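Worksheet: the structure to be examined is printed underneath.
Going in written order, the chains are labelled A, B, C and D, and every chain counts its residues from 1.
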Amino acid sequence: MPSENVTLEGHIIDALTLPTVLDEIIALGASFEIVDFSVGTRHEDASFARIKVTAADDTELANVIDRLRRHGANPETVEDALIEQADVDGAFPPGFYSTTNLATEVRLESRWIPVDRPEMDCGIVIEDSTARTIPMADVRSGMSIVMRGLGIRVSPPERPRGDERQAFEFMSSDISSEKPKGLLVDQVAAQMKEIKGLGKRIMWVVGPALVHTGSAPDLCALIRAGYVDALFAGNGLAAHDIEANMFGTSLGVNLHEGIAAEHGHEHHIRAINELRRHGSFDAAITAGVFDDGIVYHLVKNGCSYLFGGSVRDDGPLPEVVTDMAEVQQRLRDLIWGSDGRDLVGFCIVVGTMLHGIATGNCLPASVPLVCVDINQATVTKLMDRGSFQSMGIITDVGLFVRELAERLAPHEIRSTRS
Amino acid sequence: MPSENVTLEGHIIDALTLPTVLDEIIALGASFEIVDFSVGTRHEDASFARIKVTAADDTELANVIDRLRRHGANPETVEDALIEQADVDGAFPPGFYSTTNLATEVRLESRWIPVDRPEMDCGIVIEDSTARTIPMADVRSGMSIVMRGLGIRVSPPERPRGDERQAFEFMSSDISSEKPKGLLVDQVAAQMKEIKGLGKRIMWVVGPALVHTGSAPDLCALIRAGYVDALFAGNGLAAHDIEANMFGTSLGVNLHEGIAAEHGHEHHIRAINELRRHGSFDAAITAGVFDDGIVYHLVKNGCSYLFGGSVRDDGPLPEVVTDMAEVQQRLRDLIWGSDGRDLVGFCIVVGTMLHGIATGNCLPASVPLVCVDINQATVTKLMDRGSFQSMGIITDVGLFVRELAERLAPHEIRSTRS
Amino acid sequence: MPSENVTLEGHIIDALTLPTVLDEIIALGASFEIVDFSVGTRHEDASFARIKVTAADDTELANVIDRLRRHGANPETVEDALIEQADVDGAFPPGFYSTTNLATEVRLESRWIPVDRPEMDCGIVIEDSTARTIPMADVRSGMSIVMRGLGIRVSPPERPRGDERQAFEFMSSDISSEKPKGLLVDQVAAQMKEIKGLGKRIMWVVGPALVHTGSAPDLCALIRAGYVDALFAGNGLAAHDIEANMFGTSLGVNLHEGIAAEHGHEHHIRAINELRRHGSFDAAITAGVFDDGIVYHLVKNGCSYLFGGSVRDDGPLPEVVTDMAEVQQRLRDLIWGSDGRDLVGFCIVVGTMLHGIATGNCLPASVPLVCVDINQATVTKLMDRGSFQSMGIITDVGLFVRELAERLAPHEIRSTRS
Amino acid sequence: MPSENVTLEGHIIDALTLPTVLDEIIALGASFEIVDFSVGTRHEDASFARIKVTAADDTELANVIDRLRRHGANPETVEDALIEQADVDGAFPPGFYSTTNLATEVRLESRWIPVDRPEMDCGIVIEDSTARTIPMADVRSGMSIVMRGLGIRVSPPERPRGDERQAFEFMSSDISSEKPKGLLVDQVAAQMKEIKGLGKRIMWVVGPALVHTGSAPDLCALIRAGYVDALFAGNGLAAHDIEANMFGTSLGVNLHEGIAAEHGHEHHIRAINELRRHGSFDAAITAGVFDDGIVYHLVKNGCSYLFGGSVRDDGPLPEVVTDMAEVQQRLRDLIWGSDGRDLVGFCIVVGTMLHGIATGNCLPASVPLVCVDINQATVTKLMDRGSFQSMGIITDVGLFVRELAERLAPHEIRSTRS
């Protein structure tokens, strides 16, 4: 039976890496032998393991090796990556290497080349001795695609160890609604400040519940204070936000309509119709159709934004992108910056599962991700992608953003807030 | 087939009363004829209806009449209530009248006597020409019990009409997590202020999530500011609160332990053991075992409180009442005041289903009830009792109480809050 | 102040219609006077009311009239509908009439014309003296659009009355997870049989949870037995279904993978890639890529199907429609049949919010709708559209479909089911 | 700074034991050095580690040692356990050893004595050279209590390793509603059969949702087939069950009442009253008050049962134990058998959080525990106790028990089932 040595080093014992790797080998029906093992005697020392993995046949072995890579267990045999030409448009050759969202290198002509734009479930294309991830749909016949096998190396972010986790409890494993909420707001606020201090961008992914729960003015305050560099949302968020600002609904009515069904109330559909008549957010703002709210502030503050459509949309609003392939491409640009070299430094998903999962699919594991929702199932699903720098918070979306605005943008909060 | 006329008056059309009554008659297998009907032509005018109800036999008819009473449709025939002697201890005679939580009168010797302490699912006992509700377990052989039939009259609180609901959206029917949360906090704060202004007591029913979510200091602020006259909770709330204050757990650790399982962490069980060694909250406070937190403030501010045990309790703490019959009796005293003449003016249930339902069972329909929980199922269940003055709020318990304290007791909030 | 008489007739008291109408008038800030009222004295008799509605100005009045129409309260003044030419592509003239999903007529040259394809939140276009609903995006400059005002008449389905509801508890108001589940399965099975007996089509809207919970074989049995005429789903359902059938995953592994994150497991992405290489479901089946499962049975049994994309999709699979405007158009064809004259007779939504809401938006109120999900929030949201013939069932999607197959297609259930 | 060596052996790497231990040391603010380490080279080989733990002071060290014990890391220093006399009734001396639910030994006069009845959060009392757990409330002044420190040894059940887990996916870590449900029912059925084959008892902990969802007849079938040796529930389950059988409610009505509020419907309160008049289940059955249902079958089949009261109860029924201290004592007897030597072999919790947590508190970790609920939060909370042999299933309680009865007791299912 074929076998291959993989090596692991770092805090592989107290960071659960080694057990996870051994577990995975057995779960995939292969077996292992620990060939070499040196243990760091103290907490701060690194350990090292060389593990011989044996599988039923070469295909199985290649499969196991692929899986182990995502835990940082890379094969010891060093050879160049196997390359094959794509034979059809829009699909990879069978046996292509399917990417993780971790930092990855491929070996070409005896040199390790970093793969640009790590993203899950893509392939790797080689062009002019550089490597980048490529979505399935973008493949064109004749492209050089990296195949499954050796010659690929993955470096997972090292899982925070006991004492560091203590200091900054940013772990997805224990999602619960029963946590000290004030403290969690403090943590998110502190991290946002830190990210801005580093000159990096903050990306928001937001669902319409933010408007329904009355905290749109708080998000506006955060936009004014510079904490929203990029925003990804759907037609619903924009439509409810514009509607609220167009019809000057007073608090009482606002309350009443916040309760109403997603569909069937006049204002919603009339607001969309009016916007379509103007053709763009900017034209409608210039015409005085609305002069406050999330969309208004995004436009006026020059934020990057993307509104992606969905099958349930009314209208949709102008500027909502209705083709999903285009939305995904523009989402990647939002994440990586217009020049592809300005990766967002922090991402917060608030009250949306659909757009949150879409973002999680494209986001590299190195970007800290916070997900806030009142529904435990939504948070669990979004946290499943397994980034170590992710945090799920089960709480009220409205009150959370409110408290965040109070910490980060107290002078920008206006009295209109409800 | 036997029949009986019932009458209804007030805003019986636009307040859904008449349709509900007609619906119920049909649902119970009886039939109706509208004998008399005068409709108020304008919104502010009252209407009147006389409805002849016909059922298969006398038992069925009595059953229908009983059900209609809770909507304020009282039988037209006026006779004295039927009284029977209890024949055993701890149970009513078969055919006893089972009470609602609405204002009720019984007719004795041609006079209508009000029934003291309206409460659901009790019986009515007559003593010295006065009437009061009595729980099943308190019945003693020989007592005079009111039987099902005529001679009983119920007055439901009139359901708020369209325009009033508009102003103060206090309806249980539309529970949703997507409401303007800031506005809901404002409403609850306003009503609490109003109740205190009227000199009435505010009762809190609280679950341990309040401690886990880090808002115990906010409830302490509300206690100091006089917004907690009575508190009903379980062993868990008190134990977690005292533990947090005994072991001076710093924020980091606090966070860590907020996550931990309900069971199995040392501090919890050691805190309970220490309290048991002192025998009472007061003795432990005097001995310096703890000097802050919810229990401490309840004791120091002379609030009424009741901790009722349950099958899952550790310990329990001293002062936790372990016999359920005694808990229910003392809960009634908490609600009605020590002299039975100081009914609470407002009740708020926060993060607890068990103690919330127990309270709902004993509370008269006239007391406004607000229920706050992150779990929709809990809120729905608590709102099921159908009081018109109830409001269910699906939100984060910790952030809600935090915002409430900021509105009602800003000067009492201390820096220790997390 | 301007006023208009509206009339209502039928079981307007015991079916809650009249109170709802009066409520709505007040909620919208208008006032009413009941000009005429004759009450049906017995349960089976119809009642009649003429209500004078007064509002602040003509716009307000038009708005109130529009809202009352959806409860069947139509204005007494009879004039032709107001028509205006669309002035831009893709949007209505301001003041257009926004449709409900109820049966509607417009008055043209003194005759009442039925509006084809009732659907929510559309407009009405007049062509050659016929009327049909038209989505905002399909409007072209110069079209004749019906404006808000008189000359429009809506007939809501009459709400089932007390005794009928008793017999067939098909009401959305009381959604709870604590209902007799066997009975609910019986009811849905009975209604599906009845619909097929009438020669009408059954439409399914299905989420990927059906595959994860192991009940894809049960849906296949229902397809074989003829209970799935049309199916609407997303890329995820098809991808998981094909993956399960391509990789012959045994139960143990299946279990393991059923748990896995939506993303990141090899098989999923490789299955999609393989299908894209073949270009269509049919080509892949012919090539022997998969020979069982939901997609296979849909194709082999000649069912109508539509897979609509979303922003979170991998791939997507061939035949998945990525443009949302096109998906909505094809969804309407699925609902109304290829010739627009074969409206589905029953619609069941299982384990999906996104595609369920999209369907609810397009479906006329006359089609009975059942929504099954384990999450109460999803069911509540889908039931909000207020059809009287809708039922929300909170239960396990997998076990529900399993029991449904046992009742409707016992001989088609194969041993592969897990 | 004081230190102590602890040792670990077994599959401590691939079963996550060693990393967890190292993690815990750091989390508690102590530090470690791995003094000795020999790794099993192959999957089936055991490993061994000797870890030197250093803490700030003796108290901290004792605390850390206590925590490590529950992972099977026992201190190397061998001395007799420290014993102290209880100085008050109802509480332990400060510094008592607080138990886990794992197999435990204490060292007395140089011999290791097993501790009888392992249970969480108790103390250990020594009587006549034997050791047993004792709840805080049962302590009497003068008893010999084991103190925290050395001389105590804990043996956790070894966590199933990769390949075994594969075969029988019985892990609490990945609770999800999206699992193959038929397979889960198969697994639970298989394990119940196996347990009965071994002559062990099966214990059920059941909430009233079982009755509301219409599956009481299925549980009756399981009782008749011998799969219910012991049952623990509350007043609600028994009252709803008896009510359903007393009032012969037909399906339609049943449906209607299944929806109704927990309180306020006649039948419920009249059923309880009638039972109280007879004084016991047996007397009521003899008198013909009810002749079917869960309570009837429990009595007629001689099953052990315990109904524990709670603060929200109506009545309660006769035989419901109202004092919580007594309920806990009798629950322990239910678990361990009347002679304390017949520990249940399997425990299933269905649709109840309150009684489920109470059971989890008393149950030794060696008893496999399955928890079934439609609410994810309930399942998560019950699974938190960390037994390796526990499984949480998020599904419909009614359909689950239905399918279980079909597998285990097909001939006992009667047509009355709904």
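The rule we apply is simple: a residue touches a chain if its C-beta (ideal position, glycine included) is under 8 Å from a C-beta of that chain, and two chains touch if they have at least 3 such contacts.
The model shown is predicted, which means the values in this text are computed figures rather than measured ones.
Enquirer: Would you kindly say which chain has the C-alpha centre located farthest from the C-alpha centre of chain C?
Expert: The most remote chain is D.
Enquirer: Using the touch rule from the top, work out which pair, B-C or B-D, shares more C-beta pairs.
Expert: B-D
Enquirer: Measuring centre to centre with CA averages, how many angstrom lie between chain A and chain B?
Expert: Each chain's C-alpha centroid was found; their separation is 45 Å.
Enquirer: Chain B to chain C: how many Å between their CA centres?
Expert: Whole-Å distance between the two chain centres: 39.
Enquirer: Roughly how far is chain B from chain D, centre to centre by C-alpha average, rounded to an integer in Å?
Expert: Taking the average C-alpha coordinate of chain B and of chain D, the gap between them is 32 Å.
Enquirer: At least two other chains touched by the same residue of chain A: list those residues.
Expert: Residues 27, 166, 176-177, 256, 375, 377 of chain A touch two or more partner chains.
Enquirer: Under the definition above, what is the set of chain A residues touching chain C in their complex?
Expert: Listed in rising order, the residues of chain A that touch chain C are 27, 63, 66-67, 88, 90-92, 94, 96, 98, 100, 120-121, 136-137, 256, 261-264, 266, 268-270, 272-274, 276-277, 308-316, 322-325, 327-328, 331, 354-355, 357-358, 360-361, 375, 377, 381, 384-386.
Enquirer: State the interface residues of chain D toward chain C in the complex, per the touch definition above.
Expert: Residues of chain D touching chain C: 166-167, 169, 174, 176-183, 209, 212-215, 251-252, 254-256, 258-259, 374-375, 394-396, 398-400, 402-403, 417-418.
Enquirer: Can you check the complex and tell me which residues of chain A touch chain D?
Expert: Checking each residue of chain A against chain D gives 13-16, 18-19, 22-27, 31-35, 37, 39-43, 161-163, 165-166, 176-177, 376-377, 380.
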